[in-house]
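Naming follows writing order (A, B, C and D), and every chain is counted from residue 1.
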Amino acid sequence: MPLLTLADAIEQHVRDGQSVALEGFTHLIPFAAGHEIIRQGRRRLHLIRMTPDLICDQMIGMGCADRLTFSWGGNPGVGSLHRLRDAIERGWPQPLTIIERTHAEMGVAYQAGASGLPCGLMRHYADTSLDRVGGPRPRLTCPFSGDSLLAVAAINPDVTILHAQQADEQGSVLIRGITGAAREAALAARCLLVTVEARVERLDAPLNAIVLPHWLISAVSIVPGGAHPSYAAGCYPRDNRFYGEWDAIARERGRFQQWMQQYVLASRDHAELLRRLRIAA
Amino acid sequence: MKTAHAAGAYTADEMMTVTAARQLADGAVCFVGIGLPSAACNLARRTHAPELVLIYESGTVGARPRVLPLSIGDGELADTADCVVSLPEVFAHYLQRGRVDVGFLSAAQIDRHGNLNTTVIGSYARPAVRLPGSGGAPEIAAHAREVLVIMKQSPRSFVPRLDFLTSCGYLGGAGERSRAGFPGRGPRAVITDFGILRPHPETEELQLCAIYPGVTVDAVRAATGWPLGVAHDLQVLPAPQPADLDTLRELHAATRQTHAAAVRINLRTADAPASHPH
Amino acid sequence: MPLLTLADAIEQHVRDGQSVALEGFTHLIPFAAGHEIIRQGRRRLHLIRMTPDLICDQMIGMGCADRLTFSWGGNPGVGSLHRLRDAIERGWPQPLTIIERTHAEMGVAYQAGASGLPCGLMRHYADTSLDRVGGPRPRLTCPFSGDSLLAVAAINPDVTILHAQQADEQGSVLIRGITGAAREAALAARCLLVTVEARVERLDAPLNAIVLPHWLISAVSIVPGGAHPSYAAGCYPRDNRFYGEWDAIARERGRFQQWMQQYVLASRDHAELLRRLRIAA
Amino acid sequence: MKTAHAAGAYTADEMMTVTAARQLADGAVCFVGIGLPSAACNLARRTHAPELVLIYESGTVGARPRVLPLSIGDGELADTADCVVSLPEVFAHYLQRGRVDVGFLSAAQIDRHGNLNTTVIGSYARPAVRLPGSGGAPEIAAHAREVLVIMKQSPRSFVPRLDFLTSCGYLGGAGERSRAGFPGRGPRAVITDFGILRPHPETEELQLCAIYPGVTVDAVRAATGWPLGVAHDLQVLPAPQPADLDTLRELHAATRQTHAAAVRINLRTADAPASHPH
């Protein structure tokens, strides 16, 4: 596991056209990595995220993606993701193909991917409109009970990117708190990049803690505050105020682009961005 | 309906929240959505149902938040939960396994059989308004032993025909849901800013069963996009108790105060690698 | 979740003829509960345990079971389970129907049971002799990849019994260390009984610890040393010496019966048994 | 073969263990069985392969035991591991997902194509000897990128026909395994108390490729239940290095000492609820 700057990690491991999962559920969203992908101008990415959140709103609005797999596309506790809506409703800045699932399906899909299976199973009783628009949702019959089950195709991202609290000297990573499907997305990936708040000599993880062993990880980058405006349990809280303010920033194309220019693109790295936002001194 | 109701000094949101809270039996296991459902559950937990078990889709099981979470994955939920499991696990081991008594949902559109749309207004391919989408709702609607729906009532939200069927209620009614094999019984109550709608025992069409003080049946009918049936024993619900309102307002005040704090991050955390604050 | 003596918990919740999973993988094997089932003379149980270990050897030898689902039936690090062999090879003390699986299959079966699914999937490439003798092992074809997958029937025990380190005042249980498929077996069960080393006011479990919420548990019993001769991490180590000695005790029917009489049946409860064994003072 | 070999003072077990350890490249991810495989892996980790990653089926990933475990689930494995995951996870997320480089197996019977029996001697319905069964072996044999087998060689264990096929080697040979779609390449080496057998590149029949000092080909043939082929470039393996033997013996001595300790349990633990000793 090499320790790389985030810029080098994205440069070396994320290519135009790849499928890129950025997971972390409300908690530990890898914002710094998403911003670096924007800075480096990646194009035609297939973004995969259960809750696209502000990070995908920004990447889609900046033209990094032409495809999105997701299950809930809102600004949590606030309202719409305006850039996501603009892409879906009006194809701006470019058309966006959406592959829409439910949370439970995404969970099964990541789990299947993490398990080396081509598909997973879940219970399903009646078609919804998603069965009409979401591509094939085939059924399998349980050979024991005769129940009709939904088969869900595995998700194996080309790259999964996570943010976590700590890495140790070998590069093993400790994740504490709410994970959503982050661990499954990590294990399903072909390439795993992790940003962490801090590097420590030893993790001193409690038994049964969630640790990703160093040999599963392609690169670790140390990025304090790397989840902001999401949060890192034990380090800093969610910036609910920023989530609220984003609604007005993203509502209109011009203001969005100006904001991205002024903050994300004009900053060399995440530390500079946090200083510009007056989140860090 | 954002303004205070006539009689006492309470808002429609407060009335809905208190009414929803009253639907929850102590000890029930609830799969909770953010917003009004979360407020109702936490109000119930602070009043008549201290042993209510709250599960959020972020995998926080048995959460006892001291303030209301703004997102489904706030740290407060993890810090106060009995356990934090992964999202695949909370949906498989708790919801699909049949461990959830009550699921709480909201929607942009509901039809007369309690089917819900949270996906899109207009056509899917060229939407007028793109909504957030499914989230956990379709499986909550399928598996929870019963479902409570909370949403404001208007002809735009209580529609004759959904633009998109995201989550199943009673499908076409008259037993179609049960024949499809759903383990959960479906939406037992729809709590609105006018009162409570419940499925007719045979047709499974939502009908008005209870109204708030000062609400007229005509007003509810005018806010409903289909010819609304009214139960023969229509009830008038009591106004919220002052104690309930006090508790709810304290909760909201504490919530606002907590979430208003500015976030500051120390970029030199590498110097101080605080090991494991439990 | 009622707090019961172990005798009452077994009395109230375990019936003749039921399927009973006793899980814990080398670690946290619920020996005290197994002994209590022997003392209460349950019959025709369908025992389910990945590694039957000494506990099933004893229960089978004492005539409690006529059926066993398992995946590895040895005395770990020592050799055979002689009572299990005697039942399979010579039908003593009664014929034993075995349902034999692999570890991975048992894992999938418990996981499916814990997930409310009638079956789970795993990869399988060629038949082994187990396909010939182990009952039907049907295949399903992945509708996405065309891969042939093995369908594994869910396991949902009537009763699952676990041992763990701590229960809090409400009866929520903290498990620390190696779990095998204990958590999945617990979530799959219709009735869950747990013995614990100690009751504490609060678990003070770290984030992401393995906790079974009180409302999933039918009864908790406080049984210090309840896993002996298996172990409880943080409490006492595995009694490797006892595992070694068991080989000679169990090898011959008479000595086995005499030992069970002298130690398990003659002891009113687990504390008395541990004193007779000079494990506790 | 329990006695010391002629030349130096080492046992057959020691020779097998040292030889097996030498097969392991540093940094490889090994799925380790208990007994000789575990001894070989831990010897390798203490000698030429300090970065060897050990996974035990108890879910202990990256274990660095200070003494050899007696069972697959010793506390020592959990205490020294990078992480402890559930058994379903270790089989799905690590083995089936293709993360394991080397699987280590043993068996009661092996046939000429490296297929293994750990289930039964005699018939399944009325066995002469009932063995422990599958455990994790069938999936390790299927998924690990390659498999090492360690077992003592005799006509009773190296048989022309298995009584029961528990875990697949090369099936009938000549590419049958690969045609069946197995992701792992199968048993690359069978380490015995005589030397090393490897599959013939075309027929995939095991042939003798290396022998220990002092071993004759005739002796190996006499210990094999089928007409054993011999590689044209048969090698004689070096005797174990004194350093390897010292390390192995220290490991065994520390293991014996640790595991001989008598267990005492304090029944009054409820009085002293030691919270979380990490």
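We adopt the following convention: a contact is a pair of C-beta atoms (placed from the backbone, for glycine too) under 8 Å apart; a residue touches a chain by one contact, two chains touch by 3 or more.
If you're wondering where the values come from, they're calculated on a predicted model, not measured in any experiment.
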Result of counting contacting C-beta pairs for A-D and C-D, higher pair | C-D
For chain B paired with chain C, centre-to-centre distance based on mean C-alpha positions, whole Å = 40
Indicate the whole-number Å distance between the mean C-alpha point of chain C and the mean C-alpha point of chain D.
-> 26
If you look at chain C, which of its residues touch at least two other chains?
-> 116-117, 122-123, 176-177, 179, 204-210, 233
For chain D, residue numbers touching 2 or more other chains are 78-79, 84, 92, 96, 143, 276
Contacting chain pairs, sorted by label, are A-B, A-C, A-D, B-C, C-D
Quick one: in the complex, what on chain A touches chain B?
-> 25-27, 50-51, 70-74, 76-77, 80-81, 84-85, 88-89, 100-104, 106-108, 110-111, 122-126, 128-130, 133, 166, 176-181, 183-184, 197-200, 204-206, 222, 224-225, 228-229, 231, 233-243, 271, 274, 279-281
Sites on chain A touched by chain C in the complex | 116-123, 136, 138, 140, 142-145, 147, 149, 151, 153-154, 175-177, 179, 206-210, 233
What residues of chain C sit close enough to touch chain B in their complex?
-> 114-117, 172, 187, 204-216
Chain B contacts chain C in the complex at 27, 29, 53, 61-62, 78-79, 82-84, 92-93, 96-99, 143, 276, 278
Can you list the chain B residues touching chain A in their complex?
-> 34-35, 57-60, 70-75, 77-79, 84, 86-88, 91-92, 95-96, 119, 124-139, 142-143, 162, 164-168, 171, 177, 180-183, 259-270, 273-277
